[in-house]
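Shared between the two complexes below is chain A, which has chain B as its partner in the first and chain C in the second.
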Partner chain A sequence: MLLNIIKKIYSSNKKIPRFPEKSNKKEIEIKSQKIYTNLEQTISTFKELYSFPINNDVNFRTFDIRSLNKKAAIILIDTIADMKIVNEFVLEPLLNNSNPTGKVEELLSIQAISKVSIIQHAVDEINKGSAVLFIDSFDYALSISVSNIHNRGVTSSENEIVLKGPKEAFTEESSINLSLIRRRIKNENLVAESVPISLRTHNVLYLVYIKDLANEQLLNNIKNRVKALKVDSIQNLPLLEQHIEERKLSLFPTILYTERPDRASSYVEDGYIVILMDNSPDCLILPATFWSFFHISEDHYLRFIYGNFTRALRMLAIFITLFTSAIYVGITTFHSEMIPPDLLLAISATREKVPLPATIEVLLMELAFGLIREGGLRVPSSIGPTIGIVGALILGQAAVQANLVSPIVVIVVALGGVCSFLVPDISMNFAIRLSRYCFIIASGLFGFFGMTVFFTMGLFYMVSLKSFGVPYLSPMTPKYTSSKDTLFRRLLKNEIFRPGYLKPKDMKKN
Partner chain B sequence: MQESKGKIGIREFIAIIILSTGTKLSDDTPTLLFKEMASAAWMAPIIIGVITFIPIYLIIRILSAYKNKNLAEVIFHLLGKFFGFILIFILLLIIFSALVVDSAVYTNIITSMYFSKTPTIAIYALLMIVCVYGAKKGIEHIGSVAWAMTFWIKISFIISLVLTFFHGQLDFLFPILGNGQWELLKGSILKSSIFADFLYLGFIFPFVKSKLDFKKGIWISFSFIIIEFSLALAAYTLLFDYIGVRLMNFPYHETIRYIEAGFLENIETFFYPFWLVASFIRFTFYLYLTAIIFGSLFKIKKYEYLLPTLATLIIFIGLIPESPTFVIFNLREKLLHFATPFFLILPLLLWLIAKLKGDLNNEKSKPFY
Partner chain C sequence: MKSRNLFIKILCVFIFLPTLSGCWDKKEIEKKAYVVAIGLDKGENENLVITYLIANPEFGTQQQGGSTNEPPHEIISFETNDLISSTNKANAVIAKEISYNLLKYLIVSEKLAKTKNFIRWMYDATKDKDFKRDTYLIVSKENASIFITNNSPKLETRAHRYFDFIIKRGIETATISDASLHKYLRITEADADLFLAIFGTTEKVDPPSGDDMSDNIFAGQLKVNGNTNKTQFIGSALFKEGKMIDQLTVEETRITRLLSSVDEAPDILTTLPDPFNKDFKISITITQLKNIKIKMDVNKQPTTIHVHLPLQVDVLSDHSMVNYASNADKRNELKKFLIERFNDKFNQFIKKTQEEYKSEPFGWSLHARRKFATIAEYEKFDWMKSYPGMDVQISIDIKFGHFGRQSRLPKLKDVRD
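== the complex of A and B ==
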């Protein structure tokens, strides 16, 4: 079974079996043609493309433009277009104006109008929410931007909470997200380059960077990787992240994911590249190092000493999460001589009635904690407290009273579990929690020796990781010029360099 | 961004040397020194440092004259194919036997001090798995890991030293010259191959970013190791007296078991994992060196693929001695004595030939390090 799983992981779908597929060739051909001058033909073509009567929200409206004395039609999807604007600024002027003029554009009192001359482009515009105006005997159509896609407003950040500093978070609309970044960086060199990525759904992403800071080579590397994607659809950034990362099976994340515009803009200002996308209330920051997963934006908003105090706490929490359970297993199984006799007696007294070996006992409790945590995440908020009570009382208290686990194990596991919440980034959080299981197993097999073996191998693995060419533990090792914001941060007046591993065009911050 | 070129900077270089050579103070090397020099053992590293200064200086001098050539290529260039082959083969044998013997010692430390029930082969195999994994990642990553851990390893070591000095008695240092100055000198010369690692560093010369980094790195770490070694030996003497240390095979581990800090009585837990990481890095580096020398001797370009084979060989040879605590201890002493003349004479020989060939002339104006 294990072999099968491994095979599954490593085999990519290179051999594609033949499916009885229906060819789309005819429609593709139609779409690549120029717009017909015959309006009737155009309308029937579009009705066919949009499978008209079945497709409920596609709207075809034909009418006469009196001033031109021609027939015309407007095609739009009424769920994503603003019908009010269409009526007021498009239909009314066209219907009511009887003065003969040569140009239709002059009749429309709307700013964003563009010409399209190929059917495919007209279809793209309609899909985006524009209204497309076709006029008889014209060999082009007019796309009028009236899109009104529903989205929620800017709300405060829910997953990256800070007490001091800006509260707002990205939302699902990329133009709003972009405006949130532009509001922070008022500079003409801030570029938001749009890159189309998917073949079927035509998703677009925005590469946001500062032109005179970001390294060209890095930018081209990212662009090439994004353009090389041959995927039908990429709905949002978490999916994109998995498409463009280098080591897809790696335990550690190599792309930073955040929902805070202030964080994104501070990275952009350092020469990083940020990816925004529609439908994603977040952004991707590349390249990322281990330290960017370890930091949160509040570290810099708090005063120097307080900020570093939280950093110290977080580092301690990571160590506790990784090692407490494993150390407990190691001590009780192999190294009982290492702890003071009093503590040893206390531990052995509580373990006296427990029938399970320490490793199994700890793994059992870790698993229970993992289950409660995952369950608590998915539970509807109205019955949330129940889970808490069940988790805490039944799994903790009752398991101890039933002599299934010893009270010390509950403390050890709970401590590790609570500390794991101090790791701010969700991907890093998973990485650390999964390594904790590995440490427990290593410790159960070989005590501290096994733990150190696993730790050293993990360290070797971590230093060999790269995110878009940037070593994972830089600037610590290998060394680069930087503001030395790694484990602890410096005074703001001393953080004067942009990270050297990015090779920004301007190293010094003023 | 910047594609790495597989080179290490001065910090990583120093970290590798400090960890790979400095860890010797925690195995049975101190006992070897105490055997002949008694209470004056702590002076041995300093004397050895003075003796080995010249060979190390010459090695740096020779290597600097040939840009981007490692020691093997230099030896081939200077001695010709036949003699070069023999010499490098001997060097390979020495480092390979050192690797076998030392890894057997470390496995023995782990099994006898901490895991008396676990089968030796399991511990040995795990040790070698880490080393192969690390060595396969290459010198750059060995350096990075070494640098990332050096600070913490040395902090833990310094704490153990300070605690030892608190527990020790100053009287144990006397008689200050131990068995007499001649014994001291003789012992030091015989054991000077303790620092033979510095000769082998020549094989990674092209991997260090610049010539200056290589020179500086060697001298900084050389002085650091001498001081560290002396302090450690002095600390063992203060704590156990030289008679006591002679009886122990692994004084460092006895020390961390003996010392206590306030209400904490058994604090070896705080030192043991750091010592383990240091020894992993040490053997990773040795294994990598062995593979490089093997590769340049037999013209194998992708020497990384040799690592698993070498490691397997090491395990099986290292497991042969029946009672490692005694057999390997003696083997190690013999090996040290055997390696010493090579270490002291080889650089001189190479330097003379290079001088005669006239390759060193362009180096005269360079500053002295």
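== the complex of A and C ==
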């Protein structure tokens, strides 16, 4: 398994073998031409491009425009265009109006009309869901925006749940997402810059930032990195994240991923840059520090003391997740003199009948917990509770009764497992859970000494990490001027600085 | 390719490092036999008889996999040369590796403690890394093996619990002294003061005659009826230069704790004769308010020591119905009586230490050290030699605390009427 992983990691270095490919040159040439004045030719070209009639949902409709006394054709993909609007506001006025006028645009009572003169652009428009109107002897076509791509409405956030504060989450439509941010920041300086990214599927992402806050250098850095991508298709943000992050093999995430518009807009207000994209019910926030993965939006919605209490709990939970199993292993195999006599005897008594060494026992239990957790995630909700009971109760209980594991190990592993859920961010959650295994192994081999060494190495690594030029542990190490919102937050009236590591154009918040 | 090679190299380091380095003292917790207490007796020639009290972890646990009927502990005794090689010798009988991780109590028979060579064996404890320095040193009147076998607490059946509770409580009530192995070694090496170990026995001893029976007793002399454990921890064993020389009563142990400049004295609950009525006694709590102040002049001949002891006394019983709370004269009279009595007792004990033991158990030598510029000068002064001739003055300052929760008492005459 390990070898496979190593192979996968390095497979990109291998030479690309030759494939029996077929050139698309002819079509590309066609697409780069200007729109023909001959309507017949245009229609046949498009029919060829869209593989009509094999392609079922492409719609070609030819008709006469009486007022111009010319033939015309509308091409659209009816699954993503709104046929009703086309009929009502395009076809009807064109067919029924017999007064001779010079301009077609005047006949159409639709706002979003644009001229396209190259075939490629017309194709792009059709692919987006517009209806493109070709008129005989015209050297251009009219693209009428009637797209009606099916969407989910704005629903409440499912993965980042808060008790207090806004509940809505991003949806798959970037314009809705953008409106959710605009609703929070009513400022002309909020820019949503669109950047095309993929070569084949023409995905577009939106860089959202506040013009007079975000650092230019940071912005250019991100833009350059996004533009430098030479990828056929990037469907959504989780994929984009993996394309643009710096250390792709790093254990720690360096880009924050959230589905909460309130969170995104508060980061934008601090001078961060948010990336939105179609098909992604979420956004990416960059650069990200360790603390942004540690925080949740509710920390600030709750009153000062409550918010900090949850922060303290969360930090405790991180340490419990990281260390409980490892400490148990270390104590039972190396440092038995460290525990109070009663506990020592209790552990010793329960271990008496267990056949496996403590390290293996804990690893086994951790693995079982991981399996239950992963399994529970994919279980259809109708049979979820059953699996939960089987997993948690039967497995744990039976394993103890069968003397496979000692009850204390069940407690230790379950405690660590439950505490891991307090880490809000899924990427950080994985990072912590994976390092937990490393800690167990280190502790099983060298006791607390091994744990300490591994922890120190981990800290070194975290300090060395950077996300788009921002040190991972800033503003704590290295120190920057900021609102000191790290482990604990401060009173709102004292949080007066934007994070200094972003070098925003306006440092002071009012 | 380059980075791939590097990766493989790093991977090799991580794979081979653990296998080459091994896992040092890795030992699973359940593969050890935990010794809770060690008993030491004198064997033949210069040998020791060692007794292990080994706890049974499975005793008293409610396990899902099935509980056991095994006894709470196992006791073995055998002859050995030292404390360290004995761990392997014991494995002839005990199945698991002997571990001193839980060892907290070292029980030595009086006979062994009084031999000249006792200190040699005690230094074995400094060699083994599992030997904790806060191990309590207990001296038993009988053989330690007998002491351990006879000791069968009725309620705290797990041995480490029993010892933990009874010794901590004994130290809190000042019936025994806080005697750790570390203290023994420190005092012995400083070669100036006396060391007090805990004294205990499982044998019954006849109580002393006389009416002042309350605190003037040794271990085994407290009369206890009923169905209970025979073991008593009372008073202390006095060590000079690493060798036991005498045993102290509860009263002497308490005086030592009060006058000690090293340890803080606990609250002492005791009874004294009532100054206003010969037939009754009063119970008092003595609390040391501040650390004692010691003034020493080593330049004078003889050296003078002035010890100032601020005490708070709470009077808890009033059988003579004096009503101390509302009667200032009686209070003053009581105060005078207490100071006189304490002074008397203190001086008596100090005299005993000067004449009989030729050194003191109070740790005052530490105050003498700072009077000298160099260690050589201090060593020349020789505390142990100078102490018997010193002029020791004790001044006691008594403050009354409260006189019971309800201080007022009814007039006896009215009640009887």
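The working rule: the second predicted complex is superposed on the first by the 500 of 510 C-alpha atoms of A that agree within 3 Å, B and C clash if a C-alpha of one lies under 4 Å from a C-alpha of the other, contacts with A are read in each partner's own complex, and residues count from 1 in each chain.
As a convention for this text, a contact is a pair of C-beta atoms (placed from the backbone, for glycine too) under 8 Å apart; a residue touches a chain by one contact, two chains touch by 3 or more.
Every value quoted in this text rests on a predicted model; they were computed, and no experiment measured them.
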Which of chain B and chain C A:Phe455 touches, first, second, both or neither: first
Touched partner set for A:Lys128, first chain B, second chain C, both or neither: neither
First (chain B), second (chain C), both or neither touched by A:Glu337: both
Which superposed partner A:Arg373 touches (first chain B, second chain C, both, neither): neither
Which of chain B and chain C A:Leu502 touches, first, second, both or neither: first
Which superposed partner A:Arg225 touches (first chain B, second chain C, both, neither): neither
Touched partner set for A:Phe446, first chain B, second chain C, both or neither: both
First, second, both or neither for A:Arg184, with chain B first and chain C second: neither
Contacts on chain A seen with chain B and repeated with chain C across the two complexes: 331, 334, 337, 341, 446-447
Residue ranges of chain B in contact with chain A within the complex: 1-4, 8-9, 11-12, 110, 114-115, 118, 122-123, 126-127, 129-130, 133-134, 137, 140-145, 147-149, 263-266, 268-269, 272-273, 276-277, 280-281
Residues on chain A engaged by chain B in the complex (per definition of touch): 215, 217-218, 287, 331, 334-335, 337-341, 446-453, 455-457, 459-460, 463-464, 468-471, 473, 476-479, 501-503
Residues on chain C engaged by chain A in the complex (per definition of touch): 1, 3-4, 7-8, 11, 18, 21, 23-30, 32, 34, 36, 55, 57-59, 61, 63-65, 99, 101-102, 104, 130, 132, 158, 160-161, 164
List of chain A residues in touch with chain C within their complex: 6, 9-10, 13, 331-334, 336-337, 341-342, 344-354, 357-358, 397, 400-403, 407, 445-447
